[in-house]
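Two complexes come next, and they have one chain in common, chain A, joined by chain B in the first and chain C in the second.
The block that comes next holds the complex of A and B.
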């Protein structure tokens, strides 16, 4: 199997060979729930950070005992995986107060998912300002101490610098990948690219970098995709499945970029440490100040500018903002962005969906109509 | 006769002011039910003309509830409040004072001391839904028509819709604590963006410890700097002290009432409890102080006489409300008392923790530290801003201290944080205290979600299990 194939086909959770291999060497895996989790610190502590996902989860019966139909299906599917043993391999879990629904999972998980020994909550302010940064920085410092104490590691500055280097390398490679996608004839489909992005957070990062570097050679050698009707950018709620992208691409669109928290927002900024600087502070600074999530107040303009910039750079014909039902942050954000960009001549489709895409017919019809509206041919 | 503004941007607040005056007028007559004088239509005919249109809008059941003997005294306090607050607000606006829309869990002493005209955004929806047959549905429909989702909080949607319709004054800025929820944060972001005014955020830390308190105190200072810039003046210590003293007086009455509610039989009526939340958003004004003082005197009078509030012969069932209630149906709690003997002990939206402190008014530093502390203790803020443990502990404590027979956990549709907690809350309270719970869905300000009739059926069924 080529590196590209391996990354594209990497299974999640129980079937993921890297989990078995890592655990087999007596090493720990700690899950995290949100973009703002400082993954470099996990890595520095020789811990494999695994982003919680619920790819392929098709029902929420167990989760619905504790959560409700008014909770988004993304949070319910993740909880379902926890309750049904899908995350039994985790040695710990780092929550963040990213959104209402995920942060409240902390207590339910603690009470009802006994296989996770270690739980931690990092809290991040809801707006970006210097005193808020000081709060978050202290949270990150405390987390580092707690992680080191619980997993009996030393976590030196050198370890942190090594973690930063590995993650910066991923970011550099992913930027390259996104550059290739900007071309008139992208050598990789949106669905394939998204699979490569998903793989980053569910396998050891050094190994990921090696495979991605290799995969990039293969991608570069391909003929570009020419036969598409419209270039599309995807944004909105967290996405951990390529199903919606496959629908877009099966209908003649090609997804060439995104503003997703697990996607482009994840690698725009590098962690920069001065020669004598504090690597921990540099990590905190990078997460806090870059690419705000819609949960951040007073930063709509910067998110809107980022959306417009990404759309422009990738020369998209339209933007599909998919929002999971009951996701307040993205539901409002998507509407606000559409209100800003449509008058500027950037077509936007606001599409409500569930995490487990069951009403495929409705979604397909909406996307088909949108592609017809913006089609190049 | 009071002067009523005909300005479009005072539509909502003038409506309230008129309703307050109208309620006072009706309550001053010897009337215990509209039917005593031939029904609503007949009463309308004998009302002064300037009240008639407003009278048509008011929920008939609410009028009859207020006219019930046991409710009259608190009804008068309620009417007095909305009448005098409305008159005061309009005077502030006439003087050209700037409007600050603020979230309902803030106390507003600094806004008052800086001569702003503070309006609680959520109360615009809450009080309107409590008073009128059509509630705040016009506002809700207006914002949803703009493409904003129905699963946002109706307390924010109603007010946002009123802004769009021009029924409330233009803002100078919005003031928002970052807790408790995404839905309110997003609507405030939308409103500040739409109306191109500053959004001042008070970051509410996730913890209930000294580190959080220290941070929040500093947030108060940062907030004041921003407010001073908008106000164009400095905050004066003596002015702030004056408003905090009023606020302390009100909170002291609330604490005393909370103590008295522990008595069996319960000496307090339930109809006004959603209104208590509304007036908590006025802490720092004389209107809130006077309202809670009147409530206290009413409750104390019953305690002194050894009276309860349920009909004779009924066994008292002591309910706590684990979260919200429907603001659109104040008579519901009166109905619970009269039909089921079910009284109202405490809830999340009015409850101050038993160790609530008065704000030390010695100097600016102590006042700001006190405001920070109070923000951590404000009803709903404390439970929602932090780990679920805080919420659970409050209701374990309430269940024990108030000898609660059942915990009704009405869940507001929009509160996703709550729906991720409600089962845990129910389980833990039952495990620690043995108190049974009832969990059900509603929308606090939109009766089209769970209707008053359906709510009554839910309660009938629940009490059938007792």
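The block that comes next holds the complex of A and C.
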């Protein structure tokens, strides 16, 4: 199997060989739920950070016991996995108050998923301002202390710098991947690229970097995809499945970029540490100030600019903003972004969905109609 | 040249036959269990009316929920594009189309040639669709076709508070138990339907030349309520049955595709660009 195939086929949880391998060496795995979790710190503490996902989860009977109707199906499915033992391999979990849905999931998880010994909640202010940064920085410092105490590891500045280097290397490679996607004839489909993105957060990063570097050679050697009707960018709620992207691409579109929190927003900015600088502060600074999530109140303009910039660079014909029903961060945001960009001549489709896509026929109809609309341009 | 548009929806199937630039025949039937069966039966019926057979069709385009399952069609186009195209053909002044079908409600904006430039479609559920009215008619014990007439007798229409189609049926059931007059409930149902649709219309923005299509357009009480809620008069589709507009649009696209195919044949430099190389 080539590196590209291996990354694309990397299974989650049960069959994932890296989980077993890592734990076999007596090392720990800590889950995280949100873009703002400082992964470099986990890595510096010799902990493998695993982004919680619920790929393929179809039933939510256990989670429904604790959840209200207005909780989203993304957090509901992840909670279901926790309650049914799917995350028993985790030694700990780092939550963030990224959105209300995940915050509530934390409360249920804490009470009812006893297999996760260590659970920590990092809080972030809801706006970007200097005092807010001080708050988040302190939270990150405390988390680092707590993590080191709990997992009995020393965490030196050197360790932190090493963690930063590994993640910066990933970011550099992912930027290269996204550059290839921008070309007129991208050598990789959107569904494939998304699988490579998913793999990053469910395997050890150093190994990921090695495989991705190898995979890039294969991708570069391919012929580009020419026969598409429309170039599309995807944004909105967190995606942990390629289902929607496959629908878009089966209907003749090609997904060439995104503004997703697990996607492009994850690797735009590097963590830069000055020669005598504090690596921990540099990590906190990068997460807090770059590419804000819609949870941040005073940064709508920068998200619009980012969306427009990414759309322009990848020369897209239209943007599909998919939002999970009851997503508190993305629901109104998607409409606001559409209202900003449509008058500038950038077509936007707002698509509501559930985490487990069951209403495929109607989702297809909307995507097909959108492609009909933009491919005439 | 004979062009056929076939629209297989969730509740009904329609076929429209056009020759050159006019509708020759059309048919509407209740859906069968399988979309291909609905398509075959409704098209066969329309062809029989026109004294034609499947062999006489030069080009057929299918649309609607079952659009990809129709063996005799040469291509499929979403019902959103088709409703836009059909309505604008029926009345060239049309720029916005409100289509209320069995399972979906859509608001479609078109340009002066009938090509769709924007749309919204109901996301959530059956609220605001034909399915909602059908369920309600059943609870009230009237035929769907009689719901509008019944509501026109209402003295004080009720207000329905539940958005969910199923919960709203319970609400209606309670009202019937309380002895509320059926006409008042029927009027409340039609009003609730109009309110739900109006949200979609406001989302896409109202343009001049608004037409209403789909099966629910035949319920004059809903149409009247919607016209009141939005504060506008709908433009007429002339003699075109609002329920066949999707199939009509498909037939018009069939004609366009047939003509384009002819043009390509006539220009030898056209070349075949079927080089499928999608990586998965």
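Brief remarks follow.
The working rule: the second predicted complex is superposed on the first by the 375 of 377 C-alpha atoms of A that agree within 3 Å, B and C clash if a C-alpha of one lies under 4 Å from a C-alpha of the other, contacts with A are read in each partner's own complex, and residues count from 1 in each chain.
FYI, a residue touches a chain if its C-beta (ideal position, glycine included) is under 8 Å from a C-beta of that chain, and two chains touch if they have at least 3 such contacts.
If you're wondering where the values come from, they're calculated on a predicted model, not measured in any experiment.
Judged by the touch definition given at the top, the superposed model places A:65 against chain B, while chain C stays out of reach.
Ranked by how many residues of chain A each touches, chain B and chain C are led by B.
Once the two complexes are laid over each other on the shared chain, residue contacts for A:106 go to chain B alone; chain C is not touched. After overlaying the two complexes on the shared chain, residue contacts for A:257 are found with neither chain B nor chain C. In the superposition on chain A, no contact is made by A:57 with either chain B or chain C. Once the two complexes are overlaid on the shared chain, A:365 sits against chain C while remaining clear of chain B. In the superposed pair of complexes, A:291 makes contact with neither chain B nor chain C.
When both complexes are overlaid on chain A, the residue A:326 reaches chain B alone and has no touch with chain C.
When the two structures are aligned on the shared chain, A:73 is found in touch with neither chain B nor chain C. Look at A:121: by the touch rule set out above, it reaches chain B but stays clear of chain C. Residues 325, 350, 352 of chain A are contacted both by chain B in one complex and by chain C in the other.
Of all the residues in chain A, the ones that touch chain B in their complex are 65-68, 70-72, 75, 97, 99-101, 103-108, 111, 121, 123, 125-127, 131-132, 135, 294-295, 297-298, 300-301, 325-326, 328-329, 331-333, 335-336, 338-339, 350, 352.
Chain B meets chain A in the complex at residues 146-149, 151-152, 176, 178, 181-183, 185-190, 192-193, 199, 201, 203, 205-207, 215, 218-219, 222, 387-389, 411, 413-417, 419-424, 441.
Chain contact summary for the complex, chain C toward chain A: residues 65, 77-81, 103-104, 115-121, 123-124, 273-280. For chain A in complex with chain C, the touching residues are 187-189, 191-192, 222-223, 225-227, 246, 249, 325, 342, 347, 350-352, 361-362, 365-366, 368-369, 372-373, 376.
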